[in-house]
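One chain, chain A, links the two complexes that follow: it is found with chain B in the first and with chain C in the second.
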Partner chain A sequence: MFQNTKCECGHQNPTGTVLCEACGNPLVDDLPPDSPLEMRYDGAARRSQKQNPDLIDRVWNFFSSVKVAVWLIVITLIGAALGTIYPQESSFVNLDDPAQYYKDTYGTWGMIYHFLGLSRTYESWWFIGLLVMIGTSLVICSLDRVLPLYKALSKQQVRKHLNFLRRQQTVYETTLQTEPAEWVEKFARELKRKRYRVWIDRKDGMALLAEKNRFSRWGPYINHIGLIVFLLAVLARAVPAWHMDKYVSLDEGQIKQIPDTPYYVKNEKFTVEFYSDDELPERLKGTLRPKLYETKATLYTCTADCDDPVKDPVLVPVKQHNIQVNSPLSYKGLKLYQYNYEERIRLISVKPMLVDKTNNRSYGPFELPMTDPPLTYKAGPYTLKLSDVYPDFGLDEQNRPMTKSRDPNNPAFVFVVTGPGLAAGGEMYIYFPMPSAENKKLQDQLNESFRKLGSNSGRFAFEVNGMENVSFSQYTSTLNVRVDRAMPYIWVGAAISMIGLVMGFYWQHRRIWLRIDGRALTLGAHTNKNTYGIRAEVAAALGRTGIAVEPKALDNRRNKR
Partner chain B sequence: MNDWLNFSSNAFIAAFFLYCAAFIGYAIAVAGKRWSNRDPEGHAKRWGRIGFTLAALGWLAHLAFFFTRWKGGGHIPTSNMYEFMTFLGMAIMFAFIIVYLIYRKVLLGAFAVPLVIIIIAYASVFPSEVQPLIPALNSIWLKIHVTTAALGEAFFAVGFAAALVHLIRVVDYSRTDKAGRRAQFWTEFMLVVIVVVIGFLVSVFGFRAAGYEAQFRQETFRVDLQGQGETIVQTVEYGLPPIVAPYNSEKLSMDPFLGLKEPLFEAPSWMNGVNAGRKLNTIIWSLISGLILYGIMRLIARKPLAAVIHPHLDGIDPDDLDEISYRAIAIGFPVFTLGALIFAMIWAQIAWSRFWGWDPKEVWALITWLFYSAYLHLRLSRGWQGTRSAWLAVVGFIIVLFTLIGVNLVIAGLHSYAGV
Partner chain C sequence: MKRYRKPIQYIILAFVVLIGGYAIGQSFFKKSTVLKAGEAAPEFTLADLSGQTHRLDDYKGKPLVLNFWGTFCPPCRDEMPDLQRIYEKWQGQGLQVVGINLSEDRISVRSFAKSYGVNFPILLDKNRKIERLYGLKEYPTTFFIRPDGTIQEIAVGGPMSESFIEQRVERLFQP
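Let's turn to the complex of A and B:
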């Protein structure tokens, strides 16, 4: 298609130009002759309107279309909505057999949902693909428009074609009763009072351009830049070194290394509080309404012997914080969040006495920590050697002692006691520090069987005198450890986006053109948003120059109806 | 209950009645223009001013309710459904006042004020006592996030009200072609939906005032994550006569109502969500009472409700309504982005250790945002101003309501504490 892009004013326009770059006369006009002009991007030619597109141009053209962008938004929106029908797999902490779970819980529809991959909507290739396409569209749409718009706005001509003026949304025509040059001066002063920048045609002073808030035109593009930064930051979270998401469960008093870091964290104390009945309204009385979850935590860093299997690491405390649900511990990009807790009694250490049942004399006490217990203990004249530890005691199929796990749920210790009056090899006793009837029975049975085997004489027993000799943890607190190095970029992206939105939506770019031919005044005004506002402004300025007009009467759309 | 809270609930009642009075003022302003012996302009102006004054007074009472409840309850009253919906009503009123001060269109009040009345009446369906904060909500972001998000949504609500006026204003009853009939049908349908919502409120408050009660014992079978099945027995309480009983339940007690002594049928088995049977029953009651209400109105008017309102709207230009609707949404969009997405992400990062987790509430906030983004982009294209744009504004507000209420009632997720 051949398009004559030379305007009647003599200006040669690039192909695709809608409104002459110089005088604004419409070149491509598929609208009814008296309807308002299409003023988008000031009618400038865009790259996407290039003739004879090659492959790159076609891709560019595809992504530069606002229509395509809207479709992408709508498809993403529908996809996102589908993902909320049933819970996503990611919302479960551990889900061994998702297919079975969805089938059991939600029936046939749940099965179809899982089969279609909708239970992982937001990690799916098509959803991420849509987000990437939206990102591409953001870049290309913006570039395709912002450059021509910038050029068009930086070389505006003051005198415009009559067609251009008469076909703005806000239009006024009259015959001036006063001296035109004087009137133009006066009108310009009024517009300046309203913070317009005013240019008057240098040749004869019979044309005027007033403009304000041009910066608001850049709002959408700044917003798009922010969104791009945001989306890139989201993608950057996939970089392993930038991201860590681990869980550490700690009993009170327990210290643990945070995996893959030189940091150690200690749970000094965990507190859970519930509201008392007199703090609760009638309907909630008697219910457990949580008030506070708090882990008093200390963060340590390892300064020496960190990876030495023989020596204990040297730890230096670096930060103390009471971690609550809305108050994580934060140290150099590492964050510890209160995630969960469990009420689970666990012994930290006990101070038992060694009791000689033959004469009822007790020796000790000696301190027995549940984790990393030392190998030898002194109790009076006797020496106890630790021969076996079962942190989570149980019996296997052949009734042999074993440990069910490495967690100190129900520890049992096997000691070899040596000392005066005992055989050289010593006597072997098992000890369960956790006080329960079942443990007592087990302990007696096992010691009895040792006796039958000749390993001991049944002379000794262990006894803890009073709770002051027991230190235990009531709660296990689970902390979520996070490193997210992309977060600053996410917030920067969001902030840029917000600045763009505010610029674009709370200010409007307003322009007023006029020309006087003899005594005939033709005025046209354009704004990208809020035509109501610009009509009021033009009417007020005209009013102050002695031309009384109702704002409504300036509306071109209404006049034509 | 302390004195602050007593004062607060009185202020709420005062606000409610002032809004009702404001609505009557606005209705007279709009409907009474053709009454005899009157200058239409002067009449609309005078009653419009009365309506606005009453609405503004109502809003002051509403503010008093809010701040005294804050003082008396010890935390900002935006922490459960009752508090949030009343806050939303207050925010819509604020957005309306802003938009009204820009455009000075009396008609807008005639539609925005009843919307506020419906919203705060809906709020009152939920338990209104002050509940102490759970740890997750105990944060300064409860103040920042919830208020800004609600304010953004409030502007969308005003955009919706203007769009609705626009639709009723432009619907053309002389047209008999397909598109014309379609416009007539859907405009009327929107009004039917609103009447059904009113029907819901009427039935809930009617039966609550009458002290109606019914109880069921329901057994639900659930499979936990380890694949273990368990049966949970719970008591389900109804405030409306049970047309539908919960699935797999037995009646414990039931007040008779108009000879209804037994539930007519049981909810289907796939409705196994929390209180699904009761919710279905409520929907049925809302439809019944809403449709009866609508039927009565149709009988009195003898024409579609939109056709009753339509002639009173000729004082305003459709282009102005389009502009108002668009402007309200344009004002609301950055506020919504800030409150419902950015502040939400900041809080989620602090409380839940991740700024985004695809929780249903988060997703629906994103959907709302995407929808209004599409709306704003579509307005750039030719042909998407006016009626089509108005329909989008209506759909957008329905999405907002679903995000606020529907997600909590139907989907739940992490924001479930904001539910009933």
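Let's turn to the complex of A and C:
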């Protein structure tokens, strides 16, 4: 499109200028003649508008379009909404076969959902691509508008074209009854009282520009800077060291490595408390209402032999904390939250006695830990050698002892006892530390069958005297381990964005222009919001200079209707 | 100002390509925990029952059958004698068979290996570390690894029959 960009005042404007940069006269012919002027960006041309755009310019112009930005945001919102139809894969602690899970749980739609990749919406290339495009659009849109706007506002001409003044939203025209120069002085004083900055045309003093709260125009751009910081922080989470979200389940007394870190965490004790009935209101009495979930945890860091398959890692405690809901253990950006618990009794260690049934004497006690038990034990004159361990005892199809899993749900230990009065090869006994009638029966049966095979004489038994000789874990506590190094930046971005919004929302950029031709006064005023406010201000200032006018009468749109 | 317009455009678009490219690339190359045939078997260092360390690298240059097993898993127990037989048969030609136990107590592993007469190296995983590294979903899982260290085939579940193992071992020996 060819456009004559030279204004009748003689100023040469860049392509795309709507209102002459100097006098404000509208340059675009097809503006409806009676409507108020479009004052966006003060009518300045967008920065990148050019007559012969090359490829880079075209890409730039694409992102410079607000229309495109709006579509990008709409598409992103739709995408984000689709991601909430079914739970995301990332919200599961343990999901081995997501395809099967979605199919089984949500049927055909679930299958389609997973197939389309919507179960991983927020990590998908297209969603991240949209975020990147929105970010680009934010930068380019802002840059292309803020620079021309800044330029236009920092070199405003005081005397504007009559067309410009008459086509503002707030307009007043009259013939002055008093001396014009004197009146302008007086009017300027009134506006200054309202905290306007006032410029009077230096040549003859017959034109005036008053302006206040220009800074509110920068609000949207500061908001955009905040959003860009926010977006960059969100994208930075893709950097592996910046983000981690894992779960660690620990029995009481258990210590485990936090995967992919040099840290180990120990669950010293887990406590769950419920409100008693007198603490509860009437309608909740008799129900279990949790009062406290607490894991006494110690965080260790590995200082040596961390990946040595032979030696145990050397651990140094670095932090102790009683983890409660919303009170995580926090160490160098690593946060451990209370996530879940399960009541599951597991032995940690027992101190049994070796009982000689022939004379009812008992020897010991000896300490028997359930995990990584040592090979030999001493009980009085006898030596016990551990020959087999079944952490989760069971019998296979051929009725041979086996372990059903590697979790110490129901451990069994096979000892070979040697000592005075026993055969050189010793005697073999199986021992179930977990006290239950079933275990007792099993233990007796198995030891009896050993006896029949000649492996023992039935002389010994194991006995634990009192609960003080048993240490056990009652609860398994699950901790959520998180690293989110992007979080401070997200807050900073959000704060900047909020500052920008407040600037833009709670202050209005107000400008008043006037010119006097002979004795004819033409006044135009513009604000980006709250036209009532500016009309009231103009009417009040006029009133104090002797021109009584109703604020409503200044409304250009109303007069035309 | 006008003079800088073009360079600024290039710089900003370059940033977009860089940061955007990285972010989008990350979403593509999210490291999946599941290994596939053709990929290199992840390196590990583990101790065997006698406390000697073994590295995957030690077995480079020889075809390797890497079997993850546990005493608690019936099919693992069932296929163990077959693996042992294959080992005895092909050992002379340079086949390596290595069992990695699924983080059980040394004592249980030792007594199991003894009672089954297993004499290929049994390595002890700790805290499911290598198991996780190899992305195991089911037990047993057996990796058939070529002399160059890449995975030829992954057999998930079991028990594998002797002929099943042998077919794959033969393939490992084909150039």
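Annotations for the structure displayed:
What we mean here is this: the second predicted complex is superposed on the first by the 497 of 561 C-alpha atoms of A that agree within 3 Å, B and C clash if a C-alpha of one lies under 4 Å from a C-alpha of the other, contacts with A are read in each partner's own complex, and residues count from 1 in each chain.
Everything that follows uses one rule, which is that contacts are C-beta pairs under 8 Å (C-beta built on N, C-alpha and C of every residue); 3 or more make two chains touch, one makes a residue touch a chain.
Just so it is clear, the structure is predicted and the values come from calculations on it, not from any experiment.
In the superposition on chain A, contact of A:530 is made with chain B only, not with chain C. Using the contact criterion defined above for the overlaid structures, shared-chain residue A:107 touches chain B, although it does not reach chain C. Taking chain A as the reference chain, the count of touched residues is higher for B when chain B and chain C are set side by side. When the shared chain is aligned, chain C comes close enough to touch A:403, but chain B does not.
Once the two complexes are laid over each other on the shared chain, residue contacts for A:293 go to chain B alone; chain C is not touched. Applying the stated contact rule after C-alpha superposition, one finds that A:389 touches chain C and leaves chain B untouched.
Put simply, chain A uses residues 96-97 to touch chain B in one complex and chain C in the other.
The part of chain B that touches chain A in the complex is made up of residues 102-103, 127, 129-132, 134-136, 138-139, 141, 222-223, 225, 227, 270, 317, 319-320, 323, 326-327, 330-331, 333-334, 337-338, 341-342, 345-346, 349-355, 357-360, 363-364, 366-367, 370-371, 373-374, 377-378, 380-382, 407, 411, 413. The touching residues of chain A, when paired with chain C in their complex, are 47-48, 56-57, 59-60, 96-97, 123-125, 127-129, 131-133, 135-136, 139-140, 143, 147, 151, 232, 235, 238-239, 256-257, 259, 307, 309-310, 371-373, 375, 386-392, 396, 402-406.
Against chain A, the residues of chain C that register as touching in their complex are 1, 5-6, 8-10, 12-13, 16, 19-20, 22-24, 26-28, 30, 45-47, 51, 53, 70-72, 74, 77, 102-108, 111, 123-124, 126-127, 129, 132, 137. By the touch criterion given at the top, residues 38, 40, 66-67, 69-70, 73-74, 76-77, 80-81, 83-85, 87-88, 90-92, 94-97, 100-101, 104-105, 107, 109, 121-122, 245, 275, 279-284, 289-293, 324-328, 335, 337, 339, 480, 482, 484, 487, 490-491, 494, 497-498, 501-502, 505-506, 529-532, 552, 555, 557-558 of chain A touch chain B in their complex.
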